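Here is the structure we will look at, set down as structure tokens.
Residue numbering begins at 1 within each chain, and the chains themselves are lettered A, B and C in the order written.
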Amino acid sequence: MDVHSISTKCTRTEFVGTAVLDTIGLVISGVDDTLLKEMNIGTRYHTLGLFSSRTGAAGQITAVDDAVKATGTEVLSIEFPRDTKGWGGHGNYIVIGGNDVSDVRHAISLALELTNKYAGELYISESGHLEFAFSANAGGALSMAFNAVPGEAFGFMAGSPAAIGLVMADTAMKASAVHITRYMTPSIGTSHSNEVILAISGDASAVKEAVLQARQIGLELLIGMGSYPEIPGEPYL
Amino acid sequence: MDVHSISTKCTRTEFVGTAVLDTIGLVISGVDDTLLKEMNIGTRYHTLGLFSSRTGAAGQITAVDDAVKATGTEVLSIEFPRDTKGWGGHGNYIVIGGNDVSDVRHAISLALELTNKYAGELYISESGHLEFAFSANAGGALSMAFNAVPGEAFGFMAGSPAAIGLVMADTAMKASAVHITRYMTPSIGTSHSNEVILAISGDASAVKEAVLQARQIGLELLIGMGSYPEIPGEPYL
Amino acid sequence: MDVHSISTKCTRTEFVGTAVLDTIGLVISGVDDTLLKEMNIGTRYHTLGLFSSRTGAAGQITAVDDAVKATGTEVLSIEFPRDTKGWGGHGNYIVIGGNDVSDVRHAISLALELTNKYAGELYISESGHLEFAFSANAGGALSMAFNAVPGEAFGFMAGSPAAIGLVMADTAMKASAVHITRYMTPSIGTSHSNEVILAISGDASAVKEAVLQARQIGLELLIGMGSYPEIPGEPYL
């Protein structure tokens, strides 16, 4: 097996593209029936779009959320591997379905493009990491992953080591009138990641204010651990 | 967002301090009521102390155990994220409560100080790691985390790759008359860490002898894998 | 504690040897009765063989499978720590039993030797990893771990990020007439690893063809993420 005989420019029809944070987008047209049954995602679609990263979840799910809304496709499953390339958080593994190969391919392509934006609110230092997300109008992906209220604004914050996440959550709740759609800790809801996660819904300006105040105190605490974070994307909030 | 505008000297009232192994100590005074309900740790305290590390659990829990005994505070929850910055073990996330902000702050501050001692029995090599802990007099934290008998001596040993931990456990049980308070493996009780863990209670000299014999064989086996461990703290046993 | 006083040539009777991927093989003769009860693996054997790695599972389980068949020993438990030294996959922790110390030691020794071969189908790049295994004749270890049909050929494929694993699985199912014995994802059956895993049984040439086609597309997709994998062993398929 000489792996160097294989090109880095993948020509398989399954390959759609890649994005930051070891994200890959793929399409399966006419998935094998036996495999589809094992997947336990229903069988109404035989064209599947796959979206998967080593690091980060909320940013990519927000990207998929927008991509699915913009195309005739549907989110079928969202999973949170405990990964992050050695850091304390999650990766993601998302399956979408559609009736038409070109729709599904377009949705995955769009999600890859948007990931380069929405993964911008990730901050990774020697000591830990922070992740934020915001959507003015949550759809099916955010609803499936974090119980977001469809059509309402949605905010997300995760802090690691976990204690930082809880102070961020408390700060967000005190910042404005939002409601909690999901609360996660190493033992509750996560795949044992070293994070406290808060997902919130509500009025767009209230949600954004809560996320921004959480980000400010989260960064102060993380940097207070002694080193500055790297920002693999481009912050957008 | 210019993160370099933030100082590494955190001035937030929530910030208490840091310790080895990416440990941070924080205090929340007057935690948000809605968040407190989600936390599911009871509601009798509104002042919470938070203690959280990327790497290590038993050492830090032993430190919190002593700190809580020395102050008017109580342990409310202990969780084991699967973390260790890419190694095969756990981090920790601990919440304590108290009626008085200065008590809680003092407890967290003391736990940080003691962590620099109790995290001393951590040995990390290229191949795996070992962790040990000993308390002459277990309290609420060790009892909650490892079912330690309050007031009795307590010993802890973890070895990774997991097989080393089992030989350490067998050696400890043959070394002296102690009883098992908790037995953990990748599938039993851990958050899928690559460890076998044994927690023991009993007479102080018996427990210490068991831990020391486990440490000796554990180090011989780990070093037998070909490289010497780094010791991020200062061994105290 | 001066760890440098300990030799890297371990002389403990428990020590059998090591292999690639931080694999260690150990033997306990006359395991402590109280500990044995906690282990919950039955009590008919008091001589235990231990086998444990930081990285990889299918290759080592295939090695143990052959080793157990060649000796008078039996597989008692197989666990999948979420480890891989910071990568997205599993390690392994396997306990075997036998009536005779020399049998058990021989089985572990053989499993270490075979691991250097069977772990050959592991490919780790900056972006993710792939693992493959094949046995012409599955035995007790592969049956316990992946529901392989004893006596039939067995094939295994895992891809990370998880999406790559699903395309490999689909490709394998379309390649030849095999049946699925296990399907695993970050949330189903794994310890939250960032993988889709497919285990298959069937006719030897059909199984091998399915694994080889999965390997080909898996490598094309992984390399399409932008970097070539390292191969810690020697590919054997």
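Everything that follows uses one rule, which is that contacts are C-beta pairs under 8 Å (C-beta built on N, C-alpha and C of every residue); 3 or more make two chains touch, one makes a residue touch a chain.
For reference, the UniProt names are A, B, C = Microcompartment protein PduB.
Only a predicted model underlies this, so the values are computations on that prediction, with no experimental measurement involved.
*Asks:* Just say which it is for the chain contacts: an open line, a closed ring, a star, complete, or other.
*Replies:* Complete.
*Asks:* Subunit C (Microcompartment protein PduB) and subunit A (Microcompartment protein PduB) are one sequence twice: same or different residues at the contact, by the over-half rule?
*Replies:* different
*Asks:* When the C-alpha atoms of subunit A (Microcompartment protein PduB) and subunit C (Microcompartment protein PduB) are each averaged to a single point, how far apart are the two points in Å?
*Replies:* The mean C-alpha positions of subunit A (Microcompartment protein PduB) and subunit C (Microcompartment protein PduB) differ by 31 Å.
*Asks:* Where in subunit B (Microcompartment protein PduB) do residues touch at least two different other chains?
*Replies:* Expected reply: 82, 86, 191-192.
*Asks:* For subunit C (Microcompartment protein PduB), which residues count as touching subunit A (Microcompartment protein PduB) in their complex?
*Replies:* For this pair, the touching residues of subunit C (Microcompartment protein PduB) are 82, 86-88, 123, 126-128, 160-164, 166-167, 169-170, 173-174, 179-180, 183, 185-188, 190-196, 198, 215, 217, 219-221, 223-229, 231, 235, 237.
*Asks:* Could you pull out which subunit A (Microcompartment protein PduB) residues touch subunit C (Microcompartment protein PduB) in their complex?
*Replies:* That would be residues 1, 3-4, 6-12, 14-15, 18, 22-26, 28, 31-32, 34-35, 38-40, 48, 50-54, 79-83, 85-86, 91, 93, 95, 191-192 of subunit A (Microcompartment protein PduB).
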